[in-house]
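The first chain written gets the first letter, and so on, giving A, B, C, D and E; residue counts start at 1 in each chain.
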């Protein structure tokens, strides 16, 4: 196998090209962008959406979509903080409870999709609303403070040179690598691609497609639970208003990362690049002192450009 | 390069309240020779975006950050910024640990319009429609519960984020603070009970929508609409009789004070502190006995807090 | 007469107003190659879909080695060692040839990597894939290319090779040579013979009469959702067979020795 | 052709079943729901989203998606009101300018999708941001009042019995019927289905797929422009805060209406039913006096139920 | 010798590292049936895709009636009256048989409804569809059923019927009889003859040697992305043809009369 064959096909390099271009532009136009400390910061800023986007990628690979991800994450963070702060549960147990609830939501999504064959869009729109309402009702719409210090550990940082790396960022990267390994190197991971690529063929070959789908939704719920913990660690509180925009952010990261919304095609590391692209844009534009409305405008243009560069470079390569 | 950098973070981009706040800060910054950076969340409650903005502004060299908090989730980020010597001032919405708070009392704003509505209604039995923001929003809850307290109904205190209800509040619906949705909400409430005679609205666009609905149903006479904000458009609506009374607040003032404090800190190293109430004034088309109010002329002069 | 491996009685399958299977009977004997022929729409694919669990029949019963079975999905059939190559090629176009060959039957690496980390043995699968495709003499450059980049015939070879490689009990092939060239078609016939010689019975659906007569032990003629006859290719001519198939000839009028 | 064959297949009755069920429930539990006046009202409330959802349906039929629809509509309403109120343009001309801008946005979306082959999700996410920023900048985030009376004509009502029907509702229904006719009875309409169902086959057959796609996006922009006019007529102002949630609302209407997000399958009248279902839920729940958090909860559950009823009834029919 | 209708010189088509067409020449004469044969992956489909505008070749030129043409897409070819039935059946599965038959060539109602309202003449299209499919003797119950509910062979008939019905210049059929039964296959051959008798030349790709020898006027042998030879089926045996195709026989060693 030649070196050329070992490299990922160009289609998977797209998000990385966009990332590099953005970095160069911001590096030239601002003073503080190209510092290790700033990159460490950006990673911290994307870690919550980054972990949610792992779950979202899995679901999109099966040709589904999950609108509930952010709200489920918010519910999980309320559960774990309230259980710890109000009922005095030991943090580890409280965390487990929170993750259990998000996983349960994943299970419910998965059962509705596989058993009753409902479209994932509608199912997760429904559970989005349900998770939101439960979050509001259970928290009385109050932010949960008094979160025990030990639950915040993932938000702490350690020094590498002059930059501060959060433990949560390390966890995020580890999760990406694990998901990558799973999708690439195990049978069950390959079946996720197969189900998304041609569900009927996958079924005829004798793979239990429903079980694959269900496990993907459950696993996504698990990732949302870990994101709950990360958001608690990052903010220090349980925030009942969180999670409202994370679904669009996560889907954007997935699509920017080159995964097809029609399922079966994509690489999960692209999602990480996609999430970072969004973080870099926001950070760089703020550093440039662009005012907030113009930030929205420029983000709109840059998102389109990022994918266009990718597409055009691929065309050129043909 | 020598000019002090001040950051302003609002809840959203769209609410005229925050847009005015930004304008006020911009004007003051220009006057005092400071550089202003701005950012905001995508939605009300989008604390994640606010935290990110705090961090990015600190990296960009801001020495003072003014923020209308979307929730207490921003506190650790604020603490980290403060640890780096940044002054953080809360505008409009209080949170723990801010160096100073320049704000208005939303609960009190609610109480004022509640008292006004009660007095204006007189002895008639009240049938109230509550046109709220959306579930779980502290400002929404404070105005809502304040209104009910002022009206003499039993309601939660200023700390609660839950919306109270009593038999008098015959209908409640969310508006997102948006005119079209305010209109839809009011239409549905009128279907539920055509005899509604008091309408509480979360802000003036929602009030304008409610008025539209009433007018289409031919019921705009004899229904008391009260609201909060006191924006120029809202005060004009009070003048036209669309809104009976509104509690006026002063975002421009908050912003200007914040920027001034930022410049002061940059020059002298003295941080601002404490709570400065920028005040609430009840603006009413027709004064009613027993309730202090200012007329539309005063309200127009003061709208959004122009000095 | 050798024993019955697979048997179906009175299978019925309806799609809305269309009755695809109208009480069809079916018998497959140990170690034989059974050809299934019939006009387009005669219900051949519907029959083998029912036998392989791809669809659940509306009526009738299926017996495997004399025991009644009910396949609710293809997995049930696979567990019994039945492998099927479907007419509309059940392949995942975005995945590679090797991956498609081993889809659902992946090999894991030996030792820790395989049992604990459950890592796939991609190298071994690649080698096996190259071997299997070489058996069929298909000139495919790289086993790591996506199936969607293959020519029609190459794609069919992938599906056929998969079914033949993993069966432990019965192999079912639905028009495996339809898109194949002369050479590749002969290779598939060769492969079928090898499978039979291993002792596995094969069900072969084909419209290619020369192929059928070259290889089949018995011929099941499907007609209008029923079984019209079972013929003995050694005793009947090709033109008579076609006549039975198209309904021009009543099988009852055939000499008994032609039936099987 | 028997009567049975003339009836639409059951798969297209789903949204109507859900609608009927919801109506019965609300009719029983509240006093005022089952009145002609209330239905006329609900129709008024859904007319804006209803018209947006026509454009959205066209795009989803081609296996695309449009996130920008609501913001483009808001921009159109600002343009037409400002041009009329501030510059004193005659209303008809101002309206044309607004519609021209929304159509231009549709054209841009379409060109990016067809020429550079960008995924519609990303393109319209970008134009969502761009339209939002332009709306805020151009209106200075101020509501445009002083809209000339003649621009509000579509919001006026006429009496039928005791219920007040808005002219805008009549327009919406007319547009649905026109779109239905187009999709069902003309060659170019059928090509929309073909492109969504199998784009490669459609191309090979010699249909200019790119032109079909482009025309769909442009047409959608035109519908958004009409929705702009309707929202102005309904609220009497140009509202820069509008349009933020309409994308999700419109997509929900389309999916509830039985159109597949994978393209090529669906009936546009289902979308109308889907839009009305959402309006009926909101109206009915308010009439029942359900408080807002519980409204969110119940909406979540009912949305899932609505599609589940549909699915299960279809299974039963097999 | 009748005039050349279609001609290609040195066509090249590469897919990544695979060279599907390696400088192939091609000639189609007026009123003839030209068979194209070759192993799987020999580049037959790639050739006709280039001729029908479905792909744009990387090199070489195409001449139509002696004039150079450049097809950038299938529409360009269609405008010249070239119709093609592709191997991977270009049908829209969710649409009905009648709709698929007329896709891109819909009939409008006469008068106001058709010219102003642009209303389709569904009734006429349905009737024509029934007629065309009856020509092929395919037993399909209802023309308003979706193509995805058809059997493999029935689906192929839809695609073949479409190409034959609308061509005004050249008909190209890529393995039209692959999935067809004996009877239906013969009907398609019959259809091809009728098309030729109308004066249109036909390009027929097929792996079915008896069919090729039954109907073809000349045989183009594709091999490894090139043209190995053009044979005269009246002068050469089937086994020699297969030998040329698989490379066992060097066409240079054939007597000149065998070449065409």
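In this section, contacts are C-beta pairs under 8 Å (C-beta built on N, C-alpha and C of every residue); 3 or more make two chains touch, one makes a residue touch a chain.
The structure presented is a predicted model; accordingly, all values stated were derived computationally and were not measured.
Enquirer: If you walk from chain to touching chain, how few steps can bring you from chain B to chain D?
Expert: So the least number of steps between the two chains is 1.
Enquirer: Quick one: point me to the chain whose Cα centre is farthest from that of chain E.
Expert: Centroid comparison gives B as the farthest chain from chain E.
Enquirer: When the centre of a chain is set as the mean of its C-alpha atoms, what distance in Å lies between chain C and chain E?
Expert: Chain C and chain E have C-alpha centres separated by 29 Å.
Enquirer: Would you mind pulling out the distance in Å between where the CA atoms of chain B average out and where those of chain E do?
Expert: Result: the chain centres lie 72 Å from each other.
Enquirer: Between chain A and chain C, what's the gap in Å when you average each chain's C-alpha atoms?
Expert: 44
Enquirer: How far is the middle of chain A from the middle of chain B, if each middle is the mean of its Cα atoms, in Å?
Expert: Here the centre of chain B sits 34 Å away from the centre of chain A.
Enquirer: Can you list the chain C residues in contact with two or more other chains?
Expert: none
Enquirer: Give me the residues of chain A that touch two or more other chains.
Expert: 132-133, 136, 293, 296, in rising order.
Enquirer: Mind pulling the chain B residues that touch 2 or more other chains?
Expert: Expected reply: 13, 135-136.
Enquirer: Pairs of chains that touch, anyone?
Expert: A-B, A-C, A-D, B-D, C-E, D-E
Enquirer: Quick check: in the complex, which residue numbers of chain E touch chain D?
Expert: Residue list for chain E touching chain D: 54, 73-75, 77-78, 84, 86, 89-95, 99, 103-104, 106, 108, 117-120, 122, 142, 144, 162.
Enquirer: So in the complex, the part of chain C that touches chain E is made up of which residues?
Expert: Contacts found on chain C: 15-18, 37-42, 45, 87-88, 138-141, 145, 149-154, 157, 175, 178-185, 207-210, 242, 245-246.
Enquirer: Give the list of chain A residues in touch with chain D in this complex.
Expert: Residue positions touching the partner: 63, 65, 112, 116-119, 121-123, 125-130, 132-134, 136-137, 248, 251-252, 255-256, 260-262, 293-294, 296-297, 299-301, 303-304, 307-308, 311-312.
Enquirer: Over in the complex, which chain B residues touch chain D? Could you list them?
Expert: 13-16, 19, 132, 134-136, 163, 165, 170-174, 176-180, 183-185, 187-189, 191-192, 205, 208-209, 212, 216, 233
Enquirer: If we count contacts the way the header does, which residues on chain D are in touch with chain B in the complex?
Expert: 30, 32-33, 35, 37-38, 41, 44-45, 48, 132, 136, 140-143, 145, 157, 164, 231, 234-237, 239-242, 244-245, 282-283, 286-287, 289, 291-293, 295-296
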